[in-house]
Amino acid sequence: MQMSVAEIEAFLAREFPQISEGGDFVLEEVGPMSAKLRLRYHERHLRPGGTISGPSMFALADVGLYLAILAQIGPVALAVTTNLNINFLRLPEPRDLVAHCKLLKLGKRLAVGEASLISVGSEAVVAHATATYSIPPGAVT
Amino acid sequence: MQMSVAEIEAFLAREFPQISEGGDFVLEEVGPMSAKLRLRYHERHLRPGGTISGPSMFALADVGLYLAILAQIGPVALAVTTNLNINFLRLPEPRDLVAHCKLLKLGKRLAVGEASLISVGSEAVVAHATATYSIPPGAVT
Amino acid sequence: MQMSVAEIEAFLAREFPQISEGGDFVLEEVGPMSAKLRLRYHERHLRPGGTISGPSMFALADVGLYLAILAQIGPVALAVTTNLNINFLRLPEPRDLVAHCKLLKLGKRLAVGEASLISVGSEAVVAHATATYSIPPGAVT
Amino acid sequence: MQMSVAEIEAFLAREFPQISEGGDFVLEEVGPMSAKLRLRYHERHLRPGGTISGPSMFALADVGLYLAILAQIGPVALAVTTNLNINFLRLPEPRDLVAHCKLLKLGKRLAVGEASLISVGSEAVVAHATATYSIPPGAVT
């Protein structure tokens, strides 16, 4: 691994203030080919019916997998999402949601990972996503 | 078709103020098994690099297909997204984006549609999504 | 769980001789919300380059998840695949391939599962699929 | 475009006899960023219930899109499927099925396309797929 949680947080504050400053996302953990990202509950993530919105869940899975890649390849590179497939399984309760992210492949050109979104205090998977990222040339050797 | 553009707008203002009040989305057209929804360009949709963010494109495709279903089945029913697969093809320019939505199937239990997202003034497809919606019992007969 | 491996095999021999008689698929295990299905290596599954073909991997994931559902809901019902998304991660070697299938949701109308395809004797995931199945009315109560 | 229908057929007979010799697939047309591929009806494509099987439809979409890419970039290159997402919309009747394939993007590293599968003599889309292909370095300039 190339970056710790603290190094990723510093990188985000510098390069991606949109993600960092909102305070919506808290990076809980990075590990080999993995990351856990928490979406802090806030009214603006809600959709009609009081549950967390689809775009918020999409963003949580997407950012979580991006950070798992970043931890592996380091701050030199900008991976770009090329495909994301998400299944919405249960209506999430209005509380924090954690994406458990796992990279299935980290190649020279493409990375693929999956994210299971789980409401804090629960065990059931609320949504499950798989996504593909294009890796810039030279970032993975 | 069960609902016109004006009827859908009134329904949204009443039932989904989150969508309606922001003014981000403009329903341009509904037709048989189709809809066109515009995302008005705004700084808060941007992601690093100055292009429109993934979650904003996700939301545009998802809401557009939802409204295409609503136009067909009427205001009695609440369809729920069960799956959405999106391919990001080109970086969108910082301008309005229109989702051209087409329903491929409207069954009693499931609806499936596709959305092509195109920057205004361009012809290239910026992103392409397909999605499935669960239809409440009794809504389609 | 409603059915054991032996009961599923008897059901397949009676109802799905196409799956059963070929001898391509061996059901290794069923458990709560899970199944392991093996694709026996055979030349006719190959594609150019000597690796196992995409359609064979698609079928392995799809049949494996179908059997995981069958084990849970019993022989009364015919679940139908409505969506399957598959990521091909590595070229599989010319040997047996096992789908590790897990149901993420088993609802009254829809079941969703994921399958990780792993070459026997290896640990790397060769392909990963998620799929949705429509459940006939009355099968899950 | 780099290759005609006849040139592609000759290439397949030489390089992919598995596709070519079976006689299952008939390339009906290639055009700019597009192709039409027909699956000839045969008993061995059936699944229980007498409809065309999922793996056969998967293969039709995948091969059709592969040939659309081949027509554009020429015979030097071997594109590899990295992701395929397919929605099954209606049970296909036991007759020929045609994949109408369209490339949405042909980049230097990735190509993305969609395929609508339609029963001959009908208008309804039986299945719809989108897929991503990895393009070998140097094939698209």
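The chains carry the letters A, B, C and D, assigned in the order they are written, with residues numbered from 1 in each.
Just so it is clear, a contact is a pair of C-beta atoms (placed from the backbone, for glycine too) under 8 Å apart; a residue touches a chain by one contact, two chains touch by 3 or more.
Given the structure is predicted, the values throughout are model-derived calculations rather than measurements.
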Chain pair showing more contacts of the two, B-C and C-D: C-D
From subunit C, the most remote chain by mean C-alpha position: B
Subunit C and subunit D have mean C-alpha positions lying a whole-number Å distance apart equal to 24
Roughly how far is subunit B from subunit C, going centre to centre by Cα mean, in whole Å? 33
Two or more other chains in contact with one residue: find those residues in subunit D. 82-83, 85, 87, 112, 132
Quick one: which bits of subunit B touch subunit A in the complex? Just the residue numbers, please. 15-16, 18, 46-48, 53-56, 58-59, 62, 80-88
Could you please specify the touching residues of subunit C with respect to subunit A in the complex? 85, 87, 89-90, 104-105, 112, 114, 125, 128, 130, 132
Complex contacts: residues of subunit A adjacent to subunit D: 82-83, 85, 109-110, 112, 132, 134
